[in-house]
Amino acid sequence: MALDKVGIAKRIAQELRDGWYVNLGIGIPTLVANYIPEGIEVEFQSENGILGMGAFPFEGEEDADLINAGKQTITARKGASFFDSATSFAMIRGQHVQLTVLGAMEVSQNGDIANWKIPGKMVKGMGGAMDLVASAENIIVAMMHSNKAGESKILSKCTLPLTGVGCVKKVVTELAVLEIKDGKFHLIERAPGVSVEEIISKTEGELVIPNNVPEMVL
Amino acid sequence: MALDKVGIAKRIAQELRDGWYVNLGIGIPTLVANYIPEGIEVEFQSENGILGMGAFPFEGEEDADLINAGKQTITARKGASFFDSATSFAMIRGQHVQLTVLGAMEVSQNGDIANWKIPGKMVKGMGGAMDLVASAENIIVAMMHSNKAGESKILSKCTLPLTGVGCVKKVVTELAVLEIKDGKFHLIERAPGVSVEEIISKTEGELVIPNNVPEMVL
Amino acid sequence: MNKVVKNVEEALVGIKDDMTLMLGGFGLCGIPENSIAHLVKMGVKNLTCISNNAGVDGFGLGLLLESKQVKKMISSYVGENDEFERQMLSGELEVDLIPQGSLAERCRAGGAGIPAFYTPAGYGTEVAEGKEVRIYNGKPHILEEALTADFAIVKAWKGDTEGNLIFKATARNFNPMMATAGRITIAEVEELVEAGELNPNDIHTPGIFVQRIFKGEKFEKRIEQRTVRQK
Amino acid sequence: MNKVVKNVEEALVGIKDDMTLMLGGFGLCGIPENSIAHLVKMGVKNLTCISNNAGVDGFGLGLLLESKQVKKMISSYVGENDEFERQMLSGELEVDLIPQGSLAERCRAGGAGIPAFYTPAGYGTEVAEGKEVRIYNGKPHILEEALTADFAIVKAWKGDTEGNLIFKATARNFNPMMATAGRITIAEVEELVEAGELNPNDIHTPGIFVQRIFKGEKFEKRIEQRTVRQK
């Protein structure tokens, strides 16, 4: 059965390693923070200027001056720090953040990502996404395999304006975990109960299928 | 009579204007802080990371963590701030400092300055001088008219390695105040009792002498 | 060096049609709301506004957009504003969208006398069109130029009479860089204290960058996404 | 994320011959004196040291120079050190002198993923030799590249277990930029506290930039120019 958003977040959380600083994008990526594997410690960076982002505040304890990049009210953990936007992107551009998780509208088999603009329709801006994808060594995309019209978003070539080129390393969808290597998608894992055939049929980009494709363990 | 160092500092202090942020170099320039004209307020920046530099500390109150760019112990005035070296030179390079006063080994008639190196003999480094002279809109040089061998240091062309090109606006020596304009030195004032002839004889660079050269009033 | 002005009227004197303004804030967090409200009252037109976001309908820079005072926005994300989208898609409003980190760094560069720098952000995208590309460390980078403004308007938590500023939590965001990049920088603060009351170690923006400071009359500090958990 | 190591021995593990080190401080102010003393003990050789100054005879980096562990110095001012001058003039020591502001900005750039930037400092001087020149705002600027190091060693006043740092007064200087530019950054602090004890608003160097932190055993904090006035 295809994963829901929480399932995708749980699978991505398995990629976290002890001691990592992590930037989580808006949407599904934000949920990853709820499923940190036991026994490891990670620290969340939000590009609007906080390291050590904590849980949402209790009702009545919201502080308008303390938000994340999604403009949601948050709290700060012990040991947190605040800084300006230039310093925040110094962390990102300078590769001090070990993992970036973000959403996408399209990903291509050479690792290109499009997630900021639909010409003539949606022009909200790229926010910090272009800085993040251009700099991060380790980028995982959380996304749905297909759009609402049923068309694959896992493509040989992106059709939408790009956010970054050749930068995505891994994609986790409701159906599969794909690694991007040598200009191809490599099927690493499939969602519990999802067949390789379904993944093939919903993937437009070139897909490499190993002999054995294990099911995710969530 | 030629001025002493204090005299030079006093004359330069007359150039201060209310509300200016000022960077004073090591040596004679440092003395300028002692002669701020009455009724004006200026703030001193030291490039090692303080704005609002105060007087030297009372004996026994020195703090090893609080020094100026000459490595002297200092104090901080009310309203002072501390910052890192990148921010400090952001102030300087970004032209937030209205006046820079520094010493020189040579100045030329097009505003070049040499003050950091005597090849094969003295190689101490430029410190912040190159950043200061390259960026400041308003640079006054405090120096002696001649070197110990009696040779003019007010030249048609510098002979020592340059610190900056075409940047010096004004020179105050023990003999005169010179403005640099249109590739020439213009004699603006002479030290009390010093003759125009003496200044001419000790100036190697091209010197423009107006009909009337007033004496400095200190 | 006393930088205090009486009120927002006095603080904004000199802002005229066709000028370029920088405005601090991220979303509605840390925006100079008193100054924005007064810009609407002043009615200055054809402004170029450099601000990470464009406010929301009815608050923040959204107010300036509704009154059609903005000719051009230079921002990284403008997604919370229907009137903005309408003006942009209809061509009434010029929009220059810039990666957020590049925007922050370009403001910093403008204040720091760095006219241009290389960054990897935006390479291979439409942001890189017409920009010089150079390879460093095996990776393509694009050349981005500094941004400055006629006036920078920032919002701080505490400020002193010398213009020293301290920001609170994530309300710091773009304010410190923008404060350095205005030919004239105006700071509106929640709390205005005497020189000497702020610890010189804790100051985020040294007073040298601030020309005018005033205590804002009223801070609504609207929250865009109130997100809470239950006790 | 606990970054605490037991002592200077543990902190400096991995520093080897031929490496490039950044060392914070201005003159003798804010230098990592415990680490420098231990580098002498370790006897690592052929180091390239990036530091604004080179210490004095008998203290600070002067100790590393005396024991001939330094192959190359990258500094802005080295005038307080006779042994340095001797080694430099005799050709034993390579020296790269850089304008102080360019040095600070190159370290910041190294930590911030900015591979190069333009600055007016040094144009028309020997510093500009071989460097690209470009006109901005009618003024020539030269292209300077980022600096990074195998290890950056900084000294802070207070630090917490997460590696967050606060510097005191002008002992801040080059420490914050260098902290960002080391592949591994080591902080020696006067006071080491638990996470949560430092106000997150007041932190100068966020812990993300620091890999190892330890409480220095002893801080002599020598004064270079004791200058006082009488009461």
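The letters A, B, C and D name the chains in turn, as written, and every chain counts its residues from 1.
Basically, a residue touches a chain if its C-beta (ideal position, glycine included) is under 8 Å from a C-beta of that chain, and two chains touch if they have at least 3 such contacts.
Source: prediction; values computed, not measured.
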Maximum centroid distance from chain D, chain identifier (CA atoms):
A
Between chain A and chain C, what is the separation of their C-alpha centroids in Å?
28
Between chain C and chain D, what distance separates the C-alpha centroids? Give it in angstrom.
33
Distance between chain centroids, defined by C-alpha means - chain A, chain D (Å):
36
Among the residues of chain A, pick out those that touch two or more other chains and give their numbers.
50, 76, 82-83, 86, 89, 92-93, 135
Residue ranges of chain D touching at least 2 other chains are 105, 108, 112-114, 119-120, 167-169, 200-201
Which pairs of chains touch one another in this structure?
A-C, A-D, B-C, B-D, C-D
Residue ranges of chain A in contact with chain C within the complex
46-50, 55-74, 76, 82-86, 88-89, 92-93, 112, 120, 123-131, 134-135, 161-166
For a test of understanding, state which residues of chain D touch chain C in their complex under the given definition.
105, 109, 112-120, 134, 136-137, 141, 145, 166-169, 200-202
Footprint of chain A on chain C - complex, ascending
26-30, 52, 75-80, 85, 88-89, 95, 97, 99-105, 107-108, 119-127, 157, 167-177, 204, 221-231
Within their complex, chain A touches chain D through residues 19, 21, 41-43, 45, 50-52, 76, 78-83, 86-87, 89-97, 135
Would you pull the chain D residues touching chain A in the complex into a rising list?
1, 108, 110-114, 160-162, 164, 180, 194-196, 200-201, 203, 206-209
